[in-house]
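Some structures are shown below for you to check.
Next, two complexes with subunit A in common: one pairs it with subunit B, the other with subunit C.
After this line comes the complex of A and B, so read on.
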């Protein structure tokens, strides 16, 4: 297939499936909490709606940073799709993309001038301090497979079996990272309802649409990387079942767990990272 | 050790005398990302922070003055360029030099603000960053002493890793953690982000995260686990 068509198709799939998985998550959470919940396509409709709404910008915003940052978030996750499903490139590059995304999340909050966005920005710095150690999972994968290139990791698993069985604690670390990105998770301190919607509070119209597209693609990509790196070569059905299963599991955790305060959230994440890193290294030495 | 197993296929090298820059998709992406952010910082104006006034229903607007704006923008742009350089350098000493420069610029960006809490946080971060420069450069020096080169491309081709190289890596990690203010040094640094001047403080966060990602690549090349 033509490269450009391949990229467009994968971005479209990532957006649509990511949106529907978010919708599914909200539905499952609602049912657990004995509420009817919104329809599964609600997140998708919500995203599209923002593109026909009026866009307004706060007079306090840092222009043109405030506008550029929302579009950059979208561009960054499109890059992730290119690095992932399209060219199956380096996981280190994916980590770089994730790091840039944290920066955008930070600045989307601070550039509006809103106190809620500002608090979200400070929390983003804290959460980055906790999520970066979780990304040590990449080093563990590298030590096990001797490569960071996704296509080589897939080949490794085709020969040696899924990595989830050989480095389960690393898989747990990555799962905690995915959980942190879920909007209603106990670790979602940057979007806590105590600070309204955090960095999204002052984004309206098209800019909010960009942020929501990015969220959907981000969710799809994190699940794709998890399944590809820890389960191995999967077909379309395998990916769909895996993504739905993880989304439902995370919805269950979200529905039954309160939002942690920032300090607790970071300590829990760092504890998971510490257990994951030390435990994986011990397991690799023993096995 | 093949650099391509980390950052993807080697796209090319830029030899500038002794300094050899190399490009993989990973380095290129980080380099371009840093430059895009730097350009945006250079052309952006700052936000106005709106705070509720205590004891009344009025708002308090916190702005960045013109003089402060100019000096902070200059420091932020230099910091962005230093970060971009750290992403593509093929030399361990240049990397440590740029990381130390980033640490100094980060202190400068925040210390131009006239707020006591922010200045206190900047002072504490500054102490850590200055102390961290010793293990940072010490690590690079020990790598040179134990391998005979500081070129990452040369180190990648060595077939051995000595205990001194491992020790030097530990010093480098300590130095980079202190300079970039990551855990366990992040607490004072996060306080610095309360200051107004969004486009400038983002470069502090950007430089830290990008340097950490690059450091992972360099440390894996030095230690050659396989």
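After this line comes the complex of A and C, so read on.
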């Protein structure tokens, strides 16, 4: 297939499936909390709806940075789609993409001029301090497989079995990282309801829809990386079942746990990172 | 608002031309990656800026003079 067509198709699939999985999460959370909840397609409809709504840009926004940073978030996750499903490149690039995404969260909050955005901007730095150690999972994967390239990791698993069985604590670390990106997660301190919508508070209309597209792609990509790196070579059905299963599990966790305050959130994440790194190294030495 | 409209159309045309160029002429991989990373986001943004609803003429003054409640 033509490379550009391949990229466009993968970006479209990532957006549509990511949106539906977010919708599914809200539905499952609602059912657990004995509410009917919105239809699964609601998140996708919201995203599209924002594109035809009247938009306004706050006086306090730092233009054109305020718009550029939303574009940057989209560019980052389009890059992730290229590195992931399109070329099955290096996990190190994915780490770079994730680190950049934290910077975007920080700058989106500061560029709007809103106090909620600014609080979220500070919290983005806090959460980066906890989520970047969780990304040390890459070191464990490298030590186990001797490679950082996704296609080689897939081949390794085809021969030696899924990594989730050999380095389960590393899989747990990555799962906590995915959980942190879920909007209603106990670790979602940058978008906590106590600061309205965090860094997105002053992004209305088109810009909100634009951010939502990027977030849907991000959700799909995080699940894709988890399934590819820890479960191994999967078909389309395998990916779909895996993504639905993880989204439902995360919805269950979100529905039953409160939003942690920033200090607790970071301490819990760092604890998971510590247990994951030390535990994995011990397991690798013992086995 | 006129400036925004004009620049949105300009960016939209630029991004759609770049994407079609990559689709039709199949240039080197690095050029396709660069086009994808830069022009797909600008295409989505410009499309949004073109499609978004505009303030009605009679409501424009009301919006502009809305007292800023501050934070």
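By definition in this document, the second predicted complex is superposed on the first by the 287 of 287 C-alpha atoms of A that agree within 3 Å, B and C clash if a C-alpha of one lies under 4 Å from a C-alpha of the other, contacts with A are read in each partner's own complex, and residues count from 1 in each chain.
The rule is simple: contacts are C-beta pairs under 8 Å (C-beta built on N, C-alpha and C of every residue); 3 or more make two chains touch, one makes a residue touch a chain.
Here the structure is a predicted model, which is why all the values come from computation and not from measurement.
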| item | value |
| --- | --- |
| Subunit A as common anchor, with subunit B and subunit C clashing or fitting | fit |
| Contacts of A:51 with subunit B and subunit C, given as first, second, both or neither | second |
| Inter-centroid angle subunit B-subunit A-subunit C after superposition on A [Cα, multiple of 10°] | 80 |
| Which of subunit B and subunit C A:37 touches, first, second, both or neither | neither |
| Between subunit B and subunit C, more extensive residue contact with subunit A | B |
| Contacts of A:112 with subunit B and subunit C, given as first, second, both or neither | first |
| Partner chain(s) touched by A:85 [first = subunit B, second = subunit C, both, neither] | neither |
| First (subunit B), second (subunit C), both or neither touched by A:148 | first |
| Partner chain(s) touched by A:209 [first = subunit B, second = subunit C, both, neither] | second |
| Which superposed partner A:186 touches (first subunit B, second subunit C, both, neither) | neither |
| Partner chain in contact with A:96 - subunit B first, subunit C second, else both or neither | first |
| Partner chain in contact with A:7 - subunit B first, subunit C second, else both or neither | second |
| Where subunit B and subunit C come nearest after superposition, their Cα distance in Å | 5 |
| Residues of subunit A that lie at the interface with subunit B and also at the interface with subunit C | 59, 72, 79, 114-115 |
| In the complex with subunit A, residue positions of subunit C that touch it | 19, 22-23, 26, 29, 32-33, 35-38, 40-42, 44-45, 47-49, 51-55, 63, 68, 71 |
| Subunit A partner contacts - residues on subunit B that touch it in the complex | 4-8, 24-26, 29-30, 33, 36-37, 40-41, 43-52, 61, 182-183, 186, 189-190, 193-194, 198-199, 201-202, 205-206, 209-210, 212-213, 216-217, 220, 225-226 |
| Subunit A to subunit B touching residues, read off their complex | 59-66, 68, 72, 79, 83, 89-90, 92-93, 95-97, 99-100, 102-103, 106-107, 110-115, 118, 121-122, 124-126, 128-130, 132-133, 138-139, 142-143, 146-149, 152, 270 |
| Subunit C-touching residues of subunit A, taken from the complex the two chains share | 2-5, 7-8, 11, 51-56, 59, 67, 70-72, 74-75, 78-79, 82, 114-115, 205-207, 209-210, 213 |
